[in-house]
Structures are given as structure tokens and as C-alpha cells.
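Before I ask anything, let me first share the structure, which is written out below as C-alpha cells.
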Amino acid sequence: ADPKLGIVYDAGGKFDKSFNQSAFEGATRFKKETNINFIEVQASSDTQAEQVLRGLARKNLDLIASIGFAQQAAVQKVAKEFPKVRFVLIDGVAQGANVNSITFKEEEGSYLVGVAAAMASKSKKLGFIGGVDIPLIRTFACGYAQGAKAVNPKVEVTSNMVGTTSDSWNNPAKGGELARSQFDRGVDVVFAVAGGSGLGTLQTAKEKGKLAIGVDSNQNHLYPGSILTSMVKRVDNAVYDSFMQMKNGTWKAGVTAKGLKEGGVDWALDENNRKLITPDIEKRVMGARKDIIDGKVKVIDIRSGAACPV
Amino acid sequence: MTFDDLHIGSILVSTVRNAPVLIFAGMAGLFAERSGVIDIGLEGKILASAFVSAAVAFTTQNPWYGVMAGILVSVLLATLQAYVAITQKGNQLVAGIAINIAMSGLTFVVAQYIFQQGGRTPDLGTARLFDVVLPGSAAVENIPFIGWLYAHLIGGHSVLVYLAFGLVPLVHWVIYHSRFGLRLRACGENPHAADAAGVSVERQRYFAMIIAGVLCSFSGAYLAIVQSGFFLRDMSAGAGYLALTAMVFGNWRPLHTFLGCLMFGFFGAVQIQIEGVELPVVGRLPGALIQMVPYVLTVIVLAGLMAKSVAPKALGTPFVKSR
Amino acid sequence: MQPAVEFRGISKHFGAVKANTDVSFTIAKGSIHGLVGENGAGKSTLMSILYGYYRADGGDILLDGQARRIHNSQEAIALGIGMVHQHFMLVENMTVLDNVMLGSEGGFKLNKNRARVERELRDICVRYRLDVDPLATIHDLSVGAQQRVEILKQIYRSANILILDEPTAVLTAQETESLFEILRLFKEQGKTIILITHKLQEILDITDTVTVMRAGRVIGAVPTAGTTKEDLANMMVGRPIENNLPRAPYNPGAPVLQVDGLQLLDDQGVKLLADIGFTLRAGEIVAVAGVSGNGQSELMEILSGMRLPSSGKLAFLGKPLPFEGRSDADGLPRTFRELGIGHVPEDRLRDGVIKAFSVMHNTIFGYQDKLKNRWGLLNFKAIAARCAELMKNFDVRPNNHDLRIGLLSGGNQQKVVIAREVLAQPKLMLVGQPTRGVDIGTIESIHTQLLKLRDEGVAILLVSVELEEVRALADRILVMCGGRITGELKIEEFDTTRIGLLMGGMHKS
Amino acid sequence: MMNKDLPRWATAFVMPVLNLLSAMLVTALVIHLLGESPTESLAILVNSAVVNPEGLSYTLFYASTFIFTGLAVSIAMQAGLFNIGAEGQMYVGGLGLTWAMLAFDSSLPAWALIPLGVLGAAVFGALWSFLPGYLQAKRGSHVVVTTIMFNFIASQLMNFLIVKYMIPAGEQNPASRAFAAAAEMPRLNQWFPVLGETPFNISFFLAIIALVIYGVVVSRSAWGFKLRATGLNQHAAHYAGIRISKMIIIVMLISGALAGLGAVNSIMGSTHYLSLNFVGGAGFIGIAIALMGRQHPVGIFLSAVLFGALTQGGFDLSLEKQNIPPETVILIQGLIILFCGAMENLYAPAIAKVLNLRK
């Protein structure tokens, strides 16, 4: 029989222009290909996450994908209560024989776009715009800076956060304003990791004739010619794969950290940014990519407790 | 980066760009409250008009239609508020808060229903209001300071920016030097006196609310059509409350309210620039603490000014004919 | 001659209250018509109907013989009706000029007209000998001046029928006299004037005819020439009013309050009070007479602890009043009250009562901490009993302690306040304007209570702008002008002219 | 005013019901336009929020927090102060609670930890409202403005503290570590298994106790008398010897403490850790509850339960009806506030007419 599948988004909702949305896309792809449906719910608070997970588990679902670190505690708890139900936790780690925790090495993908940015920048001033100052976003920022400084230690990275409330992910005006301010100070490539606010950043880069870097999904198509590349984080693949494994009976519990090697993160090169990526840039980025995969370059993950080296 | 790298020019330009959202809404609030109606529903009106103007601008591919549709919706909401506050004599705070909450939900639901993009409208592309380039900007561009002043600080903004700044003296004039303003102030201070003088308090207040609706819609249009180029759920992000704060801060006076709006815009711009910068004495502050700057400064200024509140006396009380 | 106004069977009710029942009478053109009656008799309601403020339930109003429906004040103004309301209808933070222009601005742009109207106002002020600066802001003006602004408004609008609802309640004798001068001038110009007042002497002084109302009905309309105060009082209240209330012989006791060198400066350093010194003894009533706004209010505020003096010695029962070392007066009135100082404030609605509270709640206002049990809770049963007694003793009407006090007439509100303060058995009682806007029947009962208090040995400081009241109550009289005491008289020396001179600042000589 | 003449049963029962029905009618229209059946939706909502015991206990769980924030706003309103800062005060209250728990949860037993947590929440909530209260009392700075500012500042401060000091090493989630089991508010399902596996806990009784104390203090105590007098007429309050600035500061402290207590239910009763933005708008809902409930304890309780039911029922509704996004609940909340709070007198004239006809 077909597996019964569920997906639980966190407070950002499935249209957050970030990992929830990516998860939604992965699940949708799975559904299109297999015609197997899935239940989807949004948990607006940590309390609700537990309620939802338990509710779904009671319906005897086979696999529940929980999107976002906010659900970590809830997954851990509910997984223990329902040993027969399997859980996939995205962006967080929960213990349990029926839990597969998938995290991403955002620092590696960010390193690559950092390399690209440093090479594409004429002013050698780069910008970073994050949604809220939390470890996840800092990881992006630090990987980005590491990549950029690897190209040229003199590169400066200016970093701004949109805010501290949950509004901060939905404030394109501020996202744009931060970008303008950075451009005024000489920045010419900006990396936006701010959900909906980041859309304002991309937009502004286009208006001002500067370059921007998208995040999570491939955003190159939004403003071809102004988006240098995107740091893609394949939450969609993670969800898709989990569902597929469930269907094929190959699903396994565990903890996986998906980096460049595992195809969890990458940079995006397609027809939309082909013209912006010179052979030089491409060569350098691909080189860095190989070095990381081969283990020659180690990108520091600040979440491990290490300070950002740059 | 050091403290010296602060770009004052960039801060000023950014202030000019940030302020209109607050100025429009602040002036809107001013009309409502000067007439005696508390308008805590600015936020909801901004959000609704942002959505409608983006949606219509996108559909018609004409930003001006968007602006007009935004006006319409904002005025409708203001009229609803007026109906509750004036005709029903209901609680004005409750009405405003209800509108804010309902609009936060409704704009998402409708945007999602129509566009299926997660409560976002599609990108407006060219259906936006573009920046005004003052004649001769290119010529003076390279003259130090003057070029910047003319082409970037004074010029180079959207029409709505000029409208916002132009509005301030106009509002000042209307409130203090026109018949309408005289009656407006009288209704906010002592509606019984206005009534005894033959002024219809209800009509005056309805009128004020409609003007508030019109002005508020520009805030929304500016957010969606000028600053962002699309609508996104909850994109007003507290602008309405901030505008109200600027108005209280400005003691319900147009010029002072304007200064309050500029102050928020300015502090906001400063905060962007000092994030990650090595500051004298305190060193490099973490982002979250830097974000506090505008708000902490506001509290300090407010406490220092000994702001004796001079709210319109009849603010918030429905006009009932008996004493 | 055609009457200017004719009421025909006007009725108006508010819920169960019949404010006007079948009211009919006429007002001759070019006459001054008096309207009298107890508090709540329906005078203001009737005038409000004429001014389009309320709509009558039934009946007709005829102006110059023509039946008119007046739907709002705008229409009334257009018909040449002007009204000076019981409570001033002025916007406090605007200038006189703007207040006058409000409603008849003469165009969208104010500035152009402002200059013209200002000129016109100055002109009017000269012609009618009104002392008002068109550019002054209302809240800076004395009550009398605000009254003049109201008049100015009507003159500017060239009202032909002028309604004045208790215009003299807040005026001094001089101010009243100059108001009457203007009214006479109006009359000469053929204008019709309707005057509501509780002061029967004024009716006799200036009106041509007088209508008496009681409980919403017209009791009688008589030519002034053929009537007396006693007749009118009788018609109004239904019983004769005693003018000379009985009192024990003057026999003052020990000093209760000693004031010496009291000064008060405002923020700008202007002297509001200078060199105030007097002694108040047990069992006497000392009245402070003077034109309002000459420091009486400030004096009362200081003595009640609502405001700190700038300097001076103040002793209560021989001990200094606890002003020392305070930066503000926050909470001080409570200490004063506990010392035994009662205070009936001048502005009862602003200071003395909480309008939204019931009568019962208002009877414990300021004394709530004395009426709580050890849990800090109020014992409403005991409070209700206390309140019932108090309402009975002071004849508060209606006798319903659950009613919001805002719904009581001013006179009855005042009785509640006085009763509350008396019940606390103070040694010193500060009383400000106790009978402002109160009808003669109630005045009689308030005066009786105050005299009783005096006879019981309480020291009473009375501030009043009514010389009649001063004469009826005082044992000694202090006259204030410009923040100073300009003279002191014994009651036997009472002399209106002399007091008038002192009030005007003619020093002791 | 208008409804003064109406009998009590009409104003207390018929009118609120009619208003609620109107809000539901508009909601039904929206749901219909979204392509779902309004009646089914209503059935889901009611079933999930009140009929089903587990749902009901979620409803009451949410209501517990709302009662506290509603009380916080109400008590300030009694003194004429509009405290918009419950959101920030509850947030900071959560910090106090969490610090206490992190420091002592390994050393103290439950009977000591829980009161300590409650105290920590109240004290920190109060601290956060002190400055707005003080500035209002002493400097005349408008409390509306300062509390809005303090909400922003709280959010930034908490972000800083949580990210910088509280996240356990190696964790992603911007949240403190979870407390030990001793620091958990006892859940009611231990005694009433029918309530199901829900976070409904004894904070609810704490909320009820707070409501009762509030009701008694405000309407029956001498202090409450002074409180209301201050709110209604400051001139008179001064005349009566009430220390207004002290009153303002104290009432703001109490208000902040009550808002802080909201965190007890949310954190100690449910998540057992402090996380970013855990308040999630409960402070703002408190404003709506205070206004709709007329600052009366019974009104506050009913409004809090109504909003709790909407949170719970609306959540299930969006789960079952794919065309109804969760944001619809926000719209419904707005409509209910509008009809039941702002237009409460909408039907008064009509009812008066009907009653008169019968006479």
C-alpha cells in the first residue's frame, strides 16, 4: 500500500520563500511523480508543533516530515510516544530510533557564493543581509565571509540583520533599504538570507544595477542579469528523498549532515546567470567546490561552537 | 570598518526614503485624532491599501490605478471606523485594533486566493512608480556635494516622496489656517462648542476620517509600489504604530509629527550603518542591540523633553449631545 | 406688537423624566425676559429646544409669528438666535478670535478673514465697552472674560434673540453690572433677551417680564414691575424662603489656622500670592471676597494641600502644616484631611466628585481608607447605611444612592460633597463657591448647614464671589486682589461700596 | 447610553449573541468564497475547540495565557493607562522565569521551583513595565509610546540574550535548554486523563485566582477605589489625596507582573524552554480581550476563552480544510473584535423597537 505521509511546516508557513517553501516543493514533486498524497499542516508555535505531530501520529501516518529547528523538541517528544511512526526533522537534530535528522552544511554553500561574490565584486566590498540574528543565519554569513576572504583577504563584508521579530522575514522594504545603504557604502554584491525580506534586497540590487545572491531555492530567474547566483539548500530533495525512501522501503533513521558532497547545498548556475559568471569565476568556484568535497578545504561551522574565523 | 566610515550622505538619503511611509500615516492619524477620533487602525489601513494597490497595479500594469484602488479601500476602512466611532459611538480603540487584526488575516487570505503565491502578489515589474530625475542632474552629478545634494538628496526619489514632504506644509496650513482645520480642531477639543457654533461634529469627523483614509493609502502604496515592488503579508511591519508614536511624540502637531517621522527614519538609517561598525567607547555592538538604537533614543528624547501630553481633549469620546 | 418668540405646548422627555410639559408662553420683541425655577425645572432644556439642540416631542415654536422647526444650532443661528450656554462653549486652547470665527468663518482661508474679523471685534469691544483681547487664548482668560467672549460671539453674529443661561453664576457684581449694561444696550437696539438666573435680585433689576417654571411646567408669567423676590421664590419653591438664617452669637475660640507671609510664585516667577497673613479661629466663618482669579483658588489649594506654597509660615492648631521637604503635593491632601481639614472644592465637577461613580461611592471619596476592613476591602453595607443617613440629613434628591452622581443636579452634587466633608468632623473647613449655579431653595439648605457647622465650633474659610452669600454667612471678611489681602472687615462693617473698592485693589486706606 | 433602557437580559445576553452571530455570518461568507462549506467549518471549529475534551483543554490552555495578558491590560486601563506593552512584558517575564529555572532546576524540588518560576516571571515582567510607568508618572512621557518602544526593545534584548547566552552549544534552535522535569507545571491530565495529552496545566487555576483577586481588588477594595478614581478623574484623585504618580507606577508594575505571568503557562506549562518570540502576539490579544471584556473579570474570562477556542479550533479548521489557510483565523478574530467589541450597540435600537412593539 502507499505510505501515509505528512509534512509539518513551522511558523514561517509553506510560503516563507525559505526552507518551508522548499520542503513544500519537494513534497509536491514527489506527489506529482508518484500520485501519493500527503497531509500538510502549519504549526505556529512550539506548543502547536507538539499538538500537530501528535495529532498526525495518531492518524497512524508512516512518515512525518517536520520542517525547521523549532520543531526539534516536539519531534523528540512525540517520536518517543509513537515508536511506530517515523519522523524526518529538517534543520535540527532529535534523538530516537524512528527519527532521521537532516541538517545542512549551509556554510559550505555560502562559502561558494562568497567566492563568486568576491570575484565578481569590483569594489571588494560585499554585503550580507540576514533576517534575524540567529545561529542559522550566522552560519550563512560566516561561510560567505570565509569564501570571500579565501579569494582576497582584503575583501570587506558588511552585514546587517532585518530585525528581531517574526516580521523581520516579511519586511521587503527594510530588506531593500538595508541593501541601498550597503550599496551607498560601496558594496556591489549582496547576499540576502532573509526570507521574504530578501526579495526586497534582490529587487533593489536590480534597480541599482548591483549584484545580489539568492538563497534556499534557485532565485536566479527572478531578476536575470542582477542575480549573481543562488546558494541553494536542497530541503526539497531531502523531503523528496525521504518520501521516496519511505515508498521504496529504504528509509533509515539517523543523523545526516548534508553538504556539498551529499548534494545538500550548492551554488546555482543556469541560463539566467550564465552571463554573469565569467569562466574565471566558474573555475574558481568549481575549484573551491572540489576542494571542499575532497576535504582539502574545511569550512568552519560556527554552530559547532567555533568562532567565525574571519 | 571604523566609525569614520559612516556615510552621512547615505544616512540622509535613507532618511528621506524611509520617512514617507510614516509621514503619510502620521498625517492621516493627525486628521483623525485632531477631529477627536483615535486612529490606532493606521496599520490595518496601510496593509490593506498596500495589498490592493499592488494587486491592482499588477493586474492593470498601471501603478496609478493601483494607487487609486488603494485610496478606495483605505477610505472604505476609514469609513467603517468612522461609522463605528461616530454613528455607533463604539469604542474607537477596539475598532482600530479589530481592523488591524482583520486586515492582517484578510490580505493574506485574499492574496493567496487570487495569486497563489503565499500571500504575495507577483512582482510588479514595470508597473511601479519610478524615481524622478531632476532636470540637469547628470550635469551637476560630478560637482562635489552640490551634485549629491541635487541629484540624490533632493532629486532621485519617487513622486510619492515629494508628495509626502509637500504634504506637511499643506497639512499645517489646512489645520491652522483653513476653515476646515479650525472646525476640525474645535471638534477634537470641545465638540460641544463646535456644535453650539453650528458646526456638524459628525460630518466633520466623518470627513476627517476620510482624509485619514486617503493619506494612509499613500503609505501602503509607497510600501508596495515604490519601496518593494510587490505585496507581502504583514509587510507594514508596525509602520502604523510607529507613525502613531511619531504623532503622539509630535504632540498632535503637523510639523512636530513630521520631525518625529524624520527622527524614526534617521535613527533607522543610523542603525543600519552602525551595525558591525567599531564604535567609540562601546566598540562593536551586536546587531540585536544596534537595532534598539531608534527605540531607546525615542524613549530618552521623550523622557528628556518632559513631553506634557496635549492630546485633543475630546479624543476618544463619542460626541453625545447632552452634557 | 408681535411677540419675538412664542412657545406653544412644548413637551420634552428624557426617558422617564419629563423635562418640559406643555410649556406655553410668549416673549415680547425688544424685551428682557427672565426665566426662573429650581434646579432641574426644565429651563435649560426649553432653551436648548429653541436653539435647535434638542428636538421637542411636541408643540410649536413661533418666531415673529411664524411656526419654525429648528433642527440644529446651525438653523437657529441662521434665524438670528444666539445662546450663551450655562457651561461655556469655548475651545480652551484657541484664541478668542478663532472661537468667534468658528462656525462663521466667512470662507475657506482663515488668514484673510482673520484680519477683518479682528478689526471688527476690536470695534465691537470699543462700542460695547467689552474688555477682551481678540488674540488672547481662552485658557488664559478669567471666567468673567470668557463670559465676555461668549457675548462677543453673539454680537459678532448679530443675534436678534439672545438666550443667556445662568450667565451671572460665575460673575462678580461688577462683571454682572457691565453685562447688564450690554443687555440694556441690546434692548435699545431692539434685540430680544431671555435670561435664566437663580438670583432673583437680577430678575428684578433688569427684566421686563418673568416666567417661573417648576417641574417642567410654567407656573406663572408676570410683569417684573408687579412682583417681589418673595413672590417669585414662593412660586418657584412652593414655600417662602428665609433670608436671615438663625445663627449663634459670634464667639470665636482658639486659633485653628495661622497664616503668615504666605507667598506663591508660578513657573515664570510671577507672584500669584504675596504676603498673605491671617488667623482663623474655631467657631467663626471668615469669608474671602474678591473678583475670581485674584488668588483665592490658589490660597484654597495650598490650604488643602493640593499645592505647595513658595514660602511662608502656615500653622494648623499650632503645628506647622507639613509642606517641608516636599517636591510636589502628590498625596498631600490626604495628610491634610487626616489632620482635620475638610475641603469643599470650588470646581465640584473637576475636583470634588467622580462623575461616573454612584452617589454612594462619592460619599466615601477621599475617605475610602477609613472605611476599609483589615483586608483592605470596603464594607459596602456599612457604607450604604452611612450614605443613606447622610443623604437624609442633607436632603439629597433623588434619594437613590446607586445613581451616578453625574446625573444629579449641581445643587444636589454640592450637597453630597458638603455632607461628605462635614461627616469627617473637620476642625477646619475650606469652602469654595458653595452655591454656584444652585437654586435658592438649595442655597438656603447649604447655608443652614454651614452655619450649623460654625456653631459647632468648626473654623470655616469661605471663598465666594457672591457678596450676598458673604453677608449671609461671614463673621469676618478678607478681601483679596492681585494675590494680596487688600482689606479686612467685620461683618458689622459690611459695606458693598467699600468692599468693591478693596476688590478693585484700593489698598487698606 | 442607548441601551440604558433595555432590560439586562437583552444587553448581557441577546446583544452579544447577535453580535457574535454577525461576525460568524461574515466569516461564513468569506469561507464560502474560499470554496468551503461554512456549516462544516463551523462544526469542525466547535467540535475541535469545545466538544472534544482534548480540544477543550487546548482551548483552556491558550485561554490561561490570554487571561493573564488580558488582566495586565485591564488593570492598567482601570487607571486610565493604555499599556500596549504586555507583549514585551510577557517576553521579559519569560526571561526571569527561565533564569530562575536554569539556575535552580537541578538543585531544588518542584514545590520550590514552581513558585520560584512564577515569581521570576512576575518580577521580570514588572521590571520591564517599571520604566514606562515611571516615565509616565514623573516625566509625563506617554505610556502608549513608551510601551510600544519597550516592546521593540524587549524583542531585541531577548534576541541578543538568547542567541548570545542561552543556546546550548551545538544547537540550532534559538532557545534555552529544556528545564528539568521538576520545573514543569503539573498538567491536569495526570488527574483527568480524559483531557488527553495536552499542556493544559495548573496555570489555569492560577489565572482564575488572578481573575478573582483582580475582581475583588478593583471593585471592592479601597485601593481599587482609588485606582478607578485615578483613571476616571485625575484632578479629583489629587484632591482626594491619592498619590497619582505612585499609583501609576504601582499599577504599571502590577500590569507588567501579570503580563509576565502569562509566560508561566506558555513556558513552564508547555515548552519548558525559552525560545525566540515565544509570546507570539499573546500580549496584543490581551488588549483585545481587555477591551472586549470591558475590564470586567467575567468579561475577561469569556473573551479569553473565546480567543483560546479560536486559536485551537481555527488551527484544526485549517488542518482539515485545505482551502482555508491558518491566517483565516486572524481574520475571524478581527471580525469578532469588531462586532462584539466595537459595534456592541449595533442591534440596540432594533431590540428596543421590538420590545416596544410588544408593549
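Every chain is named by a letter (A, B, C and D) in the order it is written, and numbering of its residues begins at 1.
Please note the rule applied: a contact is a pair of C-beta atoms (placed from the backbone, for glycine too) under 8 Å apart; a residue touches a chain by one contact, two chains touch by 3 or more.
None of the values given here were measured: they were computed from a predicted structure.
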Practice item. Taking CA centroids for every chain, report which one is farthest away from chain A. Key: C
Point to revise | Where chain B and chain C are represented by their mean Cα positions, the distance between them in whole Å | key: 46
Point to revise | Whole-Å gap between the CA centroids of chain C and chain D | key: 46
Check your understanding: Taking each chain's centre as its mean C-alpha position, how far apart are chain A and chain C in Å?
Key -> 75
Revision key, fill the gap. Cα centre of chain A to Cα centre of chain D, whole Å, reads 35
**Study point:** Residue list for chain C, restricted to those that touch at least two other chains
**Key:** none
Revision key, fill the gap. Among all residues of chain A, those touching at least two other chains are 13, 133, 163-164
Study note, to complete from the structure: Touching two or more other chains in chain D are residues 152, 156, 159-160, 163
Exercise for review: Let me know each pair of chains that touch one another.
Suggested key: A-B, A-D, B-C, B-D, C-D
Practice item. Please name which positions on chain A make contact with chain B in the complex. Key: 13-17, 21, 133, 156, 158-161, 163-164, 167-168, 170-174, 176-178, 180-181, 184-185, 196, 199-200, 203, 222
**Study point:** Complex contact set, residues of chain D against chain C
**Key:** 4-5, 216, 220-223, 225-226, 228-229, 232-233, 235-236, 238-246
Study note, to complete from the structure: Interface with chain D, chain C side, in the complex: residues 15, 304-306, 328-337, 343, 345, 350-357, 361, 364-366, 368-369, 371-372, 375-378, 380
Study note, to complete from the structure: So, in the complex, the side of chain B touching chain C is made of residues 177-183, 185-186, 189-190, 192-200, 310, 313, 321-323
Practice item. Provide the residue numbers of chain D that touch chain A in the complex, in ascending order. Key: 58, 61, 152, 155-156, 158-160, 163, 167, 169-175, 178, 197-199, 266, 270-273, 275-278, 280, 315, 318-319, 322, 326
